[in-house]
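The two complexes that follow have chain A in common; it is paired with chain B in the first and with chain C in the second.
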Partner chain A sequence: MDTIEEFISKVEQELDGIPKGSLTAQSNYRDIPEWSSMHALIIIALAETEYDFSLTGEDLRSCQTVQQLYDLIKSRKS
Partner chain B sequence: MPAKIHAISYYLPTAEYTNEDFYSEFPNANRSSLEKIGVSSRRRVGKGETASDMAYAAALRLFEEHNIDPQTIDFLILVNLEPDYYTPPTSCVLHGRLKLKKQCGVFEYNHGCSAYVYGLGLAEGVIHSMGATNVLLLTSSVLTNTFHEKDRNSKYIFGDAASATLVTSSSESGLGPYVYGTNGSGYEKIIVEDGHARNPITETSFEEDIDEYGNISTQGNFKMDGVGVFLFSIHNVPSMISELLEKSGLSKDDPDYYVFHQPNRFLNETLRKKIGVPQEKFVHDFEHTGNTVQATIPIALKHLMDQGKLKPGTTVVLAGFGVGLSWISTVARF
Partner chain C sequence: MAQFSVNGMHIRGIAAAVPSAVESNFDYTRISEQERAMLVKTTGISNRRIASEGITTADLCQASAEKIISELNWDRSEIDLLIFVSQSPDYFLPASSIVLQGKLGLSKTVAAFDINLGCSGYVYGLSVLASMMATGGFRKALLLAGDISTVGITPKDKSTWPLFGDAGTATAIEYDSRAQSFFNLQSDGQGYETIIIPDGGLRNPINEKTFVEEEHDPGVVRHRRNLWLNGMDVFNFSVREAPQNVTAVMNNAGVSAEAVDYFIFHQANKLMVETIRKKLKIPTEKVPYSLGDFGNTSSASIPLTIASQLQNESHQPHSWIFSGFGVGLSWASVYLKTDHIVCPNIIEI
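What follows is the complex of A and B.
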């Protein structure tokens, strides 16, 4: 499993409209400018293809920060 | 009696809605994320034009482009969500308009993203069990009629189109096997809720709902839970394809092409990566039409045919998935 920094880097890369370094572990991903369902899909697809992890809509709703999302994926994978 | 796809044509209505038109209407929409969907323009059914008018036009194109005598058609199957009348079936009305012969069977069915592959199975079925030899399979989607004017997502993704396919009896099997499934408890994820038997239109039907992502629609308009449908697709389509390949005795590298229903390039790329299909075999082809629901697969196949890529011996995996929720796939051999 990647470190939180590697995870953040991958999320930023996939959401290619946002500047590198703009997301931190404590960022609420819903604060991404013009947060839309497409952003949610990008995060879900990243979890599937990079981490072989199935995020649900409920998972996205219950997590507030990038750190919480990372912790969720890491805990379910181990 | 086996069956195969013999010819395909399609019809697009004339009114175009480009991305420039979209961004004039929704100037704050996020361009970089919408670009991932993969559509740059789409068509919309004209005022006064019905779904059956579009199906009629597609059928005429088929006859003309492929030099087919309408009198050879002995079965017509129509998939259509917007009938001309409560009764009689629109497919019967079309039979008359197309001046098909009396010794011709006709029926229609209601399905969405899975409709085309279902239609191929039904066409093969009437050839096998009802003695048909030349089946005209027509699809028509006028989904844009159901959108709320502020439904940014639907207006970006979807376009209208009709398709016509001739499925003929054949000495060798050109279709099948089929793998299919349904999750009816997910029916609300893609829906026009009010306006039919379950929920007649009331004064609340057009009260605006804003979803958690800021997209606006109403109960009287088309609504899609984009995230829910994305999850449904990535959880059901890869396993369906594995099952189809196993049933067909094929490895994932054997088919020449994979032509899936085209709802969203980003979704289909995610599916391609999950299944492990090489990029050169996976067809993305809806940039200038958008998601045309039942017509995405035949439009992509027609383009492959026009490019000379469906030579005899070519094998194509077809997969439809979406509204219902439903999924179905088959192998087409040309």
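What follows is the complex of A and C.
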């Protein structure tokens, strides 16, 4: 499993259009400018391809921050 | 487990018809320019074809059937099976397949019936057709698949309007005892509300509340006769289930991904199909897309992708995986080989 820094870097890379370094572990991903369901799909796709993890819409609704999302994936992976 | 192989189904030709009217997602001004760019990039859908009033799925399929019968120089009297796969029939009853048997001038000895499935419908239709042909009792068959999905969606709903396009297809199939197909069919009714038109059937007959529009989310305004789509759940379902289903088919057929020439996935959403492709470790050149020009065309998407993207390749021998997944929830894949598929130019109506 990646470190939180690596996870953030991958999220930023996939959500191209957001400046590198603009996300932190405590960022609420819904605060990303113009956040839409498309962003959510990109994060679900990232979880599938990078971590073989099925992130549900409910998971995304229950988490607030990037750290919580990372912890969720990490906890179910271990 | 609904995994099986049958001998007898040999695909000879695929024709597709689309409405001539083009709708561009770049003109969808109900969302911001930034959201529009994100939408096109993520879904891969730039343009879609919208049927004008009065054109039905059966009309598009009929045009495709006429075209492929003519291209193959088929004797209509030798066609003895016609299956129509759609969720947008001409009538509640009778079945559109039977109406089409009459309009196409086919013999009264034809077996004709409808299958009510969407995204998975083409592969399910092939599986039923192949199983019947395996008996040796059928010489030539037509699988007509398509939908006019745009009748159930509204520009007021940004979660559906930019995604769907209309198309109807005809696949011409001949009996060949050597042709083997491997199928894997699955269903999950727990997810029936993931993609649904709630009203208009017997469960929820049309009533005074049916056409009352409600805003479910910002930019998502719809009534109960519109198509409701839970995009996140269907995305999650598809990227989880489709790779497993395809892998099982390949294992059953004893082939690796390297040995398959083309993987034709249901054209739902480019990010979704790309995620499936990456999970299966398939190179990009083996996964063609038609959704950029036509959007999500429901059960037409697999044959439309072949007819529109592989017209110059289809005359050579190929091995294929076709995989459809979505409304139901229902999903299915098939592994098969072809030696020469005739693909006439896409018809515009």
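Everything that follows uses one rule, which is that the second predicted complex is superposed on the first by the 78 of 78 C-alpha atoms of A that agree within 3 Å, B and C clash if a C-alpha of one lies under 4 Å from a C-alpha of the other, contacts with A are read in each partner's own complex, and residues count from 1 in each chain.
Methods note: a contact is a pair of C-beta atoms (placed from the backbone, for glycine too) under 8 Å apart; a residue touches a chain by one contact, two chains touch by 3 or more.
Keep in mind that what you see is a predicted model, and the values were worked out from it rather than measured.
After superposition onto chain A, the modelled positions of chain B and chain C overlap sterically.
Residue contacts after overlaying the shared chain place A:44 against chain B and chain C alike. In the superposition on chain A, A:36 contacts both chain B and chain C.
Of the two partner chains placed by the overlay, chain B and chain C both lie in contact with A:57. Residue overlap on chain A between its contacts with chain B in one complex and with chain C in the other: 17, 34, 36-42, 44-45, 48-49, 54, 56-57, 60. If you check the complex, the residues on chain C that touch chain A are 32, 34-35, 38-39, 42-43, 159, 230-233, 235-236, 239-240, 269, 271-272, 274-275, 278-279. Residues of chain A that touch chain B in their complex: 15-17, 33-42, 44-45, 48-49, 54, 56-57, 60-61. Chain contact summary for the complex, chain A toward chain C: residues 17, 34, 36-42, 44-45, 48-49, 52, 54-57, 60.
Interface residues of chain B facing chain A in the complex, by the touch rule stated above, are 28-34, 36-37, 153, 211-215, 225-228, 230-231, 234-235, 266-267, 270, 273-274.
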